[in-house]
Structures are given as C-alpha cells and as structure tokens.
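Next, two complexes with subunit A in common: one pairs it with subunit B, the other with subunit C.
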Partner chain A sequence: MDTVAMHIANGIVNGPVSAVFAAFAAAALAFCVWRARADLDDRLAPMAGLVAAFIFAVQMLNFQVLPGVSGHLLGGTLAVILVGPWVGALCVSTVLIVQCLLFADGGLTAIGLNITNMALLGTAAGYLLVAALLRILPKTPAGLGVTAFAASVVSVVIASQGFVAEYWLGGTTQLSLPAIAGTMAGVHTLIGIGEGLIAATTVMTVARVRPDLVYALRRFRKVPVAEPVPVGGGAA
Partner chain B sequence: MGAGHAHPLHLDRPSVVHRLPPEVKILATLLFTIVVVLTPREEFLAFAGFALLLAAVAVLARVPLGWLAKRASIELPFVLLAVALPFAGHGERIGWLGMSLSVDGLYGAWNIVAKGTLGVVASLLLAASTTMRDLILGLDRLRVPSVFTQIATFMLRYLDILAEDARRMRIARLSRGYDPRFLWQVKAFAVSVGSLFLRAYERGERVYLAMVSRGYDGRLPRPEAGGATAGQWAQSAALPAAAVAIALTAALR
Partner chain C sequence: MSRRLGWFLAGGLLVALLLAGVVSSFASGSPDGLDATARQGCTFDAEGRITGGTCMAQKEQDHQLDDSPLAGYGIRGLGDGALSTGLSGVLGVLVTFGIGAGLFRLARRRPDPKSSPRPADAPTEAEV
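After this line comes the complex of A and B, so read on.
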C-alpha cells in the first residue's frame, strides 16, 4: 500500500460514464458547499483547508501492518466524524483534486469517478452509519470508538463497490462482475480494518480532550453552551 | 519549503513549458487526456503518435525521460489489473504460448496500459512544470469556484506545518523507544494522529481569528491580474490540437 495508487486511472471506465459521474460529482459538491457554509459560514475556507491538510498529512504517515508491509489512512470516516459530512466531503474532494493534479494519482478524466466513490459515497455511508450507531451506542469515547471502527470498514468497502458499479456501467473490458466485487470487497475489508483501528483510537483521543470538536457528538450534547445571563432585571 | 511552494514532483527547470501560465497548461493537459481517452483502442498508431507528442513536450520542458518513467510507476496496480484481463476476460479466445487468452481482454489490457500511461505522463509533465501556488492560481483563473481554490490554498499552506508537526511527534515517539512492527502496535501512532488533529484545529482557530482581525470576510484578495496572452494560449493549444489531428487521421483512415 506504500506507493500504490488507490485512485482510478484514465481509460479504466469509458468516456460517457466518466462524464456523467463528473457532472454528478460537481452537482453534489455544490450542494456540499452550500451545507458546509451553514456549518462554518465564513470560517469555511480556513477550517476546511486545515482539515484537508490534516487528511493529506495523515495520508503521508505510514504505519506498520506487518513487517515490510505498511499502510496509510484514507481519512474519510475520520473527517466525517470530526467535522461532519459536508465539510468532510469537501475536504476529501480537495485532497483528491490536488493529488490528481500534483501527484498524478488518479486520472484527470476519472476525477468525477474518484470523487463520487471516495468523497461522496464513502463519506455518506460512513456518516449515515455513524449517525445510526450513535443512537444506540453510549455517547462515550468508547462508544464513539466502536462507531468509528464500524463506519470506517463499511465506508471503505462501499467506496470500493462504487468502483464496481462504475465498472459495470462503463468498464472498457468485459469481466465477471461478481469476481471484481468479491476481490475489491475482500481487499478493502482488510484496508478498512486497519483504517478503522486508527480512526477509532484517533477520535477517542479527540473525544477525551476536546469533545466539543467532535461533530458527530454535537447533537447529543446535553448541556448547551452557557448563555450569557443578562445582568440585573429580566429574569422571570 | 522554499518560495513558490515546491512539491515532490516539481522539477525546477528554465524551460518554455515552465514559463507558460498555469491555466493554459491545465487546460491543455485536460483536453489532451480527454482526446486520449476518447480515441478507440484499436487505433494503435494514434497512441504511438500521442506518446511522441508527450516525448516532445518532455524534451521542451527538460524533464528527463527516466524521471518520468520512475514516477509513472504510480499506476502499477492498474497495470497488474491489465495483466489479469487477458486471462479473466470473456468472448473469443486465442492461444499464445500454450495459454488461452481472451481477445477482448487483450484489447482491454492494452486500453488500460496505453490510456493510463499517457494520462499519468501528461499529469506528471504538468506537475513537474508547475508549482503548487501557480496551479491554484491557474484553477482560479479557469473560474473554478473560489471555495475550492481557497480550501486548496489553505490546505497547501498548512500542509508543511502539519507534516513538520507529525515529524516532530514521530521523533518524540522513536526517542522514547517506539518500534512498531505489527498493526496491533498502532495505538501510539493513532493517539498522535488524534493530538495532531487537536493541534491543527486549534491552530486553525487561531489563524482564523488573526485573519478576521485583519479584515477577512470570507474571501481572499485575488492575486495580481495578468492572465495568459493569446500567444501563450496558442502555444499550449498545440498539444491538444495535434492530438485531435492524430486521432482524426487514425479514425478516418
């Protein structure tokens, strides 16, 4: 997993399907920008830029899986739990675009496909699962850790199945789809487990120190931020 | 990192290609890649022509071919997929050296290797001849929504700082005897990713407040004007135009 590209290159999926997904990704990202502004208003660019840099930096850090085999984090689920689905999707897309332009990772014509899989499908699946699991599990760092692990595995596998769906729609060669789906799911389950372990420990660390920064926990905060009490009369 | 935000794939050379404004290079790369992807895979000569075009650009940009070949290895996983295709593909089969290969799979493998390699090399040439800051300036001039160019600008500015932070934490771990070999020893790593996020976010808040107190209202001042001249557009249009000419000649032949 070290120098290996995870992003779809040019010529894997045919032109029309790539164009359709590029249009879809552009529309979905426009929606994300609109919703992200609601979360961050004029803080959007500085904070989203910072989270994007964080994802990028985290992707550059390698950890040992087995002697001689190292992997790196994808960071989609991590971003979703920490900063929410809209900002998260924006950040992952920015990382993908910069990687495509500056690091030649992922084809220029496949950018819509890559964004759809990793920035939209992966984060959407991750966030839906996080939102659902946090309803059942305790809202503690441990509960959040379990949630992050499960959401990471599912989000990585679903993103990989996004590729399978795109290949089914516009693959340039006839292949048996169940075989691709199985291989992709198998490989990505392993990646997802590594991703999940790290994402879980990371969000648990953040939740212990600054629980107010964890977006996924915001809805469940019991004590709202203390309102400034007006001095003097007015209190009923 | 030095001025202009160099990045790992940037090769600082005094060349015609390096001096072209970024927006024309981005557009030329994009159009070239689209032409390559749309060319039918049976037109072998056209792909040879595209490769020659890229070689010419590489010579003009003074990018060594060996450098390109080494960096192009990023697409290896897809080459592996391509090698598997002739065996796994369907349809008509031919025998070769005692192996039964699918004709469609062979075409598919060629398609992926050819289009993938041409695309990666084109992107590498763009990356080698453009600094990060120029690239974002180019995207901005191409009317990419400013939300994205701003996020990308901040991202690139923070990136070096965060990478340095991460490096310091790694050295701190190593000097305390951290020597992981297996995935289950990953806890210290993950805890430092968590504290990296905290440090980063708190830094972001500080920087944001500093920006607000200096009059930031949600958009950055646009960089100095002065886009590409008609001559520069024409120069860079040579690449996609030549590619279209090659593709059409091959298709109409």
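After this line comes the complex of A and C, so read on.
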C-alpha cells in the first residue's frame, strides 16, 4: 500500500536542519498556545477538538490528481476559518503528531519540518488570505466558500514550497532545486484545488447550520453575526 | 456546553468517523504529491524498494515507529483491507478528538468567577 506515507519521511532532509526546524516548530507552537488562550472559550475548545478529528479523517482520503499521483487535504485554511489562526495551527499540529506517533506517518525526525510546512506556513498563508478576502467578499456562506477555496489553493502551494526550502537547506540528495520547486508547485496546485473544494463545502455547511461557530464570521468582521446586516452602516 | 453545541459536535464527529471508517477505503492508493515528487527519478521493485536512479527519497529511512500496532493506517494483524484501514481511521478520529478536545479544554480561558456571566458572543480584547 502506497498511501501509508503522506508526510516528509526520515532521511530526506538531514539531521541538523531537521533539528533546527523542530526547535523552531516547538517555539512557534508555544507562541500559538499563548495566543490561542484568548480565543479558547467553552465553545471553541470542543469545536477545536472536532476540527482536529475532522482534518485527521479527511487527510486519509487521498484523491487522484494525476495518473499515479494523489493528494490529500492539509487543512490549514479550513482550520483558520472555523477556529482561527492560533487554535487552527494547534489543530493541524495535533493531527500531525498523532499521525507520527500512532500511525508512523511523517518521520519522527522530520516532525518539525512537517509542522512548519503544514501547521505553521500553510495556516499562516491561509489566515492572511482569508482575512484579506473577507474584507471584500460578502460574509455569506457563498462568500465564505469562495474565500475557503482561493485561500486553500494558495496555502497548499506555499506549504509545498516550505518543503522545497527545507530540502534546499538540508536535502540528503543533490537534485535540481528549480525542477523540484516546479514539480511541487504544479502538483500542489492540483491538490490545492481538491483541498479548496473540500474546505469550501465544509465551511459552507457549518456556516449554514451554525454560523455562530465559524470563527471567521465572528471575528474577522465588526458587525455582530446574529443581525441581518443592513448595508450602509459603519462597515466600509 | 449547551445541548445544541453537543448535537453539532456529535454530528460532526459522526461525519468524521464515517469518512475515516468507511470512505477511506475508496481513497486513491497512489503516492501523494510530496511522495511522488520524492520518488521521481528512481525505479522501484514490487515491494517499493528503490532499485536504481536518483531521487529525493534515496536516503529515506524507515520510521522509528514502523512496528507500532497502527503503523501505516491499518491494524496490525488485519492486513491492508478496508476493515483494517477503516478501524484504524475510527481509532485515529477518536484519539485525535480526545487529545484535541482535552488539551484545548485545559488551555481555555476560564470564566472569571468574580464577573457576571459574559454573553457568549461578546467581543474579546483579541479581535482580529
């Protein structure tokens, strides 16, 4: 079975560079915990557990993007929209740590690399795009869906380039970097489209059922969510 | 936690369990984008071992925990079939939810006992 390896394995990036990224990831996650505390209340805490479990489940669903090549959700953008950037990064990290320790997926030595790319880089890119897009797009389920799709595509490609940077710093083989960057960007654009469709479907569903549970709708705008929004108030 | 939130969480968890437990068996078996890129340039035998060429995966090492009972998204002893994948997925969802919800609960903001109960939707100082 080929799907057993979804994340960076041991030995692709050398030990010292892997160790530096492990230290960086640990420090960044500590910062995320500190910032997440302001967001985490009695409602967001169980919701964050659900988001982590959902991302774990959907990461198992590899979809075909090219002959012989599949892709799976990374989840950063989805997590940002539902639970915010800080808690979102922790959700994706939880998934990666469970996958590494319990399912032997993603090298133990490479855990810092994987967290940096998917939980930190992918989530940060997703957050910046979601925050920007929700300033111009309508705060409706459809607007949220478009936001989720676009931010997912970009976030996945940026996460893939995180790997390219790590390989550039400490790859154990000497292969053409531009070629790797190009291949990774190309295939991850396709994966990003798949991720975008999944993320858009998910956030639109939650936005229809429980809009009050969508972090991006509660926090990324100034107007209270419960009121039907009359245009022409203070919102620009 | 309100009863409505409880229902939402139960529904969401059920969807996750169905995806990981049932739909996972229909997932593509091809290597993912990263793995496919890492293998590009090498040739492989039927077991997946590198037989020649140059690729990023050349110096790849086995996972330290390859012998763990759930390694590779299956249950050891149950093989590679839908049952093995599905059960491991169900366990993964439950463990991830348990660890996530537990840790996030520990890290959450406690309601201040001195102040009056805050409306759930009141903005906090951490507005983005």
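One rule holds for everything that comes next: the second predicted complex is superposed on the first by the 194 of 236 C-alpha atoms of A that agree within 3 Å, B and C clash if a C-alpha of one lies under 4 Å from a C-alpha of the other, contacts with A are read in each partner's own complex, and residues count from 1 in each chain.
The criterion applied here is as follows: contacts are C-beta pairs under 8 Å (C-beta built on N, C-alpha and C of every residue); 3 or more make two chains touch, one makes a residue touch a chain.
Remember, it's a predicted structure, so these values are computed and weren't measured experimentally.
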Exercise for the section: Look at A:212 in the shared chain and tell me whether it touches subunit B only, subunit C only, both, or neither; answer first, second, both or neither. Expected result: second
Exercise for the section: With the two complexes superposed on chain A, say which partner A:188 touches: subunit B (first), subunit C (second), both, or neither. Expected result: second
Exercise for the section: Using the superposition on chain A described above, determine whether A:12 touches subunit B (first), subunit C (second), both, or neither. Expected result: both
Exercise for the section: Examine A:165 and indicate which partner it touches, taking first as subunit B and second as subunit C; both and neither are also allowed. Expected result: neither
Exercise for the section: Figure out whether A:137 sits in contact with subunit B (first) or subunit C (second), or with both, or with neither. Expected result: neither
Practice task
Could you tell me if A:197 is touching subunit B, subunit C, both of them or neither one (first, second, both, neither)?
Solution key: first
Exercise for the section: Quick one: classify A:84 as touching subunit B (first), subunit C (second), both or neither. Expected result: second
Exercise for the section: Could you look at A:22 and tell me whether it touches subunit B, subunit C, both or neither (first, second, both, neither)? Expected result: neither
Exercise for the section: Kindly classify A:105 by the partners it touches after superposition: subunit B alone (first), subunit C alone (second), both, or neither? Expected result: both
Handout entry: Residues of subunit A that lie at the interface with subunit B and also at the interface with subunit C
Key = 3-6, 9-12, 33, 41-54, 56-58, 60-61, 63-66, 90-91, 94-95, 98, 100-105, 107-109, 172-173, 175, 209-210, 213
Exercise for the section: Could you pull out which subunit A residues touch subunit B in their complex? Expected result: 3-6, 9-12, 14-15, 18, 30, 33, 41-54, 56-58, 60-61, 63-67, 73, 82, 90-91, 93-95, 97-98, 100-105, 107-109, 172-176, 179, 194, 197-206, 209-210, 213
Completion exercise
Interface with subunit C, subunit A side, in the complex: residues 1-12, 33, 35-54, 56-58, 60-66, 68-72, 84-85, 87, 90-91, 94-95, 98-105, 107-109, 131, 160, 163, 167, 171-173, 175, 180, 183-184, 187-188, 190-191, 209-210, 212-213, 218-220, 222, 224-226
Handout entry: Contact footprint of subunit A on subunit C as seen in their complex
Key = 1, 4-5, 8-9, 12-13, 15-17, 19-20, 23-24, 27-38, 40-41, 48, 54-66, 68, 70-74, 80, 85, 88-89, 92-105, 107-109, 111, 120-121, 124-128
Practice task
Provide the residue numbers of subunit B that touch subunit A in the complex, in ascending order.
Solution key: 7-9, 26, 29-30, 33-34, 36-38, 41, 71-78, 81, 85, 88-91, 104-105, 107-109, 111-112, 114-116, 118-120, 122-124, 126-127, 132, 135, 145, 147-148, 150-159, 161-163, 165-166, 170, 180-183, 185-187, 189-191, 193-198, 200-201, 203-205, 207-208, 211-212, 216-220
